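I have placed the structure first, in the form of structure tokens, so that the comments after it can refer back to it.
In this document, chain identifiers A, B and C correspond to the written order of the chains, with residue numbering beginning at 1 in each.
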Amino acid sequence: MSPLLNLDQATLRFGGLTAVNAVDLSLPVGQLHGIIGPNGAGKTTLFNLITGVYAPSSGSLNFDGKNLAGLRPDQITALGIARTFQNIRLFPQLSVFDNVRVACNLHRATSPLHTLIRGAGFRADEEATAARVDELLALFNLERFRDKPATALPYGEQRRLEIVRALATRPRLLLLDEPAAGMNPSEKVELVRLIKEVHRRFELTILLVEHSMRVVMTLCERITVLDYGVKIAEGAPGEIQKDRKVIEAYLGEDHTNNSAHH
Amino acid sequence: MEFAQQLLNALSLGAIYALIALGFTMVYGVLRFINFAHSDVFMIGAVVGSLLGNYLPLGTWWSGLACLLAAMAVCALLGVIIERVAYRPLRAAPRLNVLITAIGVSLFIEYLFQNEHVFGAAPRPIPPVFPSVLWQWHGLSISSNQLIVIGVALLLVVALELIVYRTRIGTAMRAVSLNPRAAQLVGINPDVVVTFTFALGSALAGAGGVLYALNYQSVEPLMGVMPGLKAFVAAVLGGIGSIPGAALGGLLIGGIETFIGGSQFSTYKDAIAFALLILILLFRPTGLLGRRIPEKV
Amino acid sequence: MTPRRSGPPWPHLLLGGALLAAFLLTRWVTDPYANDVLTTIGINVILAVSLNLVNGYTGQFSLGHAGFMSVGAYLSATITLLLGPSILGEDGGAPWAQNALFCGGLLVGGLSAAAAGLLVGIPSLRLRGDYLAIVTLGFGEIIRVIFQNIEPLGGALGLNGIPNYTTVGWTFAIAALTVFVVVCLINSTYGRGFIATHDDEIAAEAMGLNTTRYKVVAFVVSAFFAGLAGGLYGHFKMSITAAGFDFTRSIEIVVMVILGGMGNTLGVILAAILLTLLPEVLRPIAEFRMILYALLLIVLMLLRPQGLFNFRRRPR
């Protein structure tokens, strides 16, 4: 079966700096794939490349057989790729409910005229959307915050709200950028459970950037390791943990970090 | 000869635009915002020059220089005060709020000076403080004023270049412009750099104001608006944040305006700069000599 | 910050009520001074509420609203001046015919302004913050210079002898329509898209929102109503010049929006009323009016950036 996402020698240069260097990546439908690497390895930049924030300098990116190069971020989202952000980016002026509701706009064709007439069709569409948003919020235990401003939520809930908001765009591929950042161990356990649940229930393919080794190793079927924008290894979690190049570049320093965390 | 004459006129006009554009570009470099009030600092420079000129003997080099230096000093101080009072409290605020404040400061100065009790809306003459000679050379008429404008502008640009690249404070300015947080980590006090930047940029605008007023022989409260906007276009054309870019942009805008002004499209002169701005921003937003600043996601 | 509620329950009913009130106003207001003040209030409300769509809700910063107003003013006046004599005949025609002609003129003015908005918006809305401000300012100036150079439109002297069709009723009816359209748009997918674009453009795009399209919609709708306001203004003052729609005019509208609280329609309406009445009350110190406006901008940004009449949101 052809992969859902396929990167072929994807490269991004900023002047003299090559942030992403000839990266190959192939994601079959349904895979839960992790990307790890030291700080500044180009993980988030790779996400920005896939979601169209930057256009590739060379190489090709394909999603479901369609070339992503030259598409705007919103067009890429419309194809079925949604994301969360490392530094949470919710809409502060909108409520929790509206943060999710606005992400449904993509699949709603309202003309300005409809909003003026506010006829039966318009109202039915608004009600159906509201019902869907409420259902999503309930699924993630966020319904009690429904009418609160999004940025007034506790940190962990904001991270979950970002996932809900991304799901509202009806993605097939979900990109999670450090979803466990800033969480305590028990929150991380809860997050792993949640991502597994989302993966199963929404039949998603998930690409995940994460620093917490425990989260990546328990969640992902396959892991890609980046260092200085170059892919240095790819394999199952067990293989990656044994890979000499990875240990040199990354795990060596991170093992000491992690033992402090655990 | 017609062409050479136009070129000379273009050069002296462009030199003034370059002086103003430098202030825009330097402030943008360190703070990433357009200091709308810069045009009005330019106007105040002209006012200071004309007021002082009334008490000095006319047509001597030293009184001309005194006017220039006084205008530069007053404007430097004014720039620093504006930054301290209106912009510094908003350093962490959304960009839009700072922009609105800058517009507010600009309007405040303009309307304050238009008030009859302060200066009045009517143009006033500026006394000819510099020696004024008109040379005829192969059909080319060269006024001493034009040469003074070009000479002073050239001198100031060279001085600025030396300050920015050869002094400690200049290095700090460049560091803050490249990465404000890293600059702070290595012990650079951003407040000092910002204050210095405003003083320097405003002093250049002040000098530009006196020279411009001498060229057109009048001073009025709104005299800064159009040159200010055109100088801003010049800064964007050259690549905002780039010092040589601002100088180049100033000369180009001066050139374009002079040649359009001499053609059949002269009534569209004031619209051309804006049309140009729109074209640059659409097709080459980094300007001629600017560099791209990738946005952090 | 308290999030926005879903808006008034029966916008159509409110519109109907406002239109009825406008009709009654025309009957009751006979005093010429009251008529002038009320008409000016109505025009300013239209301008401020429509600009708020762009500068407030969508978080873009336009300094060219007066430019769109001038397009509406010139085009609608051209229609009534040009077609008036042939349609209405020697005697000036029946009131209903005059009103129909006026209505057509206003519509042409509004649509031309909207077209100008589209022309300006598509290229410039890719720009951010202060650049957009200066580009819209530039477009306003370009429009002004173009009108000054069109001799059939009076050149620098402007258009004179425009028929006095604007009434308090017309003005209030169109003001009510403006508020209605803006409120309806805000309480729909569009409004949420505008606000999301304002809050975080990158996140909005990642959620599948075509932010450029939202900005253009806001810009075009805003320009349309500025055009209507321009049409009303021309048929109220009976003479217009391009210089009358300069940068200062744009700033006055911006001050109303900021004073009322960007993204707060009710506050902006109150601010438009207040800033129209204030100069009437403060005639003795009229020369200080613009100085006060400028100070107001600075002080508001320093102390109360959410505006005077915004009680729902805490400052950011």
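Here is the rule we go by: a contact is a pair of C-beta atoms (placed from the backbone, for glycine too) under 8 Å apart; a residue touches a chain by one contact, two chains touch by 3 or more.
All of these numbers come straight from a predicted model, not from anything done at the bench.
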Item to complete: Using mean Cα positions as chain centres, tell me which chain lies farthest from subunit A.
Response: B
Fill in: Most centrally placed chain - per-chain CA mean versus overall CA mean
C
Worksheet entry | Centre-to-centre distance between subunit C and subunit B (centres being mean Cα positions), rounded to whole Å | 33
Worksheet item: Just how far, in Å, is the C-alpha centre of subunit C from the one of subunit A?
Response: 41
Worksheet item: Once you find the CA centre of subunit A and the CA centre of subunit B, what distance in Å lies between them?
Response: 47
Worksheet item: Got the subunit B residues that touch at least 2 other chains?
Response: 297
Worksheet item: Out of subunit A, which residues touch more than one other chain, so two or more?
Response: 53, 85
Discussion item. Which positions in subunit C are in touch with at least two other chains?
Written reply: 202, 316
Worksheet item: Which subunit C residues qualify as touching subunit B in the complex?
Response: 59, 61, 63, 123-124, 126-127, 129-131, 133-135, 137-139, 141-142, 145-146, 148-149, 202, 247, 251, 254, 258, 287-288, 290-291, 293-298, 301-302, 305, 316
Worksheet item: Inside the complex, what are the residues of subunit C that reach subunit A?
Response: 1-4, 11-12, 180-181, 184-185, 187-190, 192-193, 195-196, 198-200, 202-211, 217, 221, 263, 313, 316
Worksheet item: Of all residues in subunit B, which touch subunit C in the complex?
Response: 33-34, 86, 89-90, 93-101, 103-108, 110-112, 114-116, 225, 229, 232, 236, 267-268, 270-271, 273-275, 277-278, 281-282, 285, 295, 297
Practice prompt. Write out the stretch or stretches of subunit A touching subunit C in their complex.
Written response: 51-53, 72-74, 77-78, 82-83, 85, 89-95, 97-98, 101-103, 105-106, 108, 110, 112, 114-116, 118, 122, 126, 147-149, 151-152, 165-166, 168-169
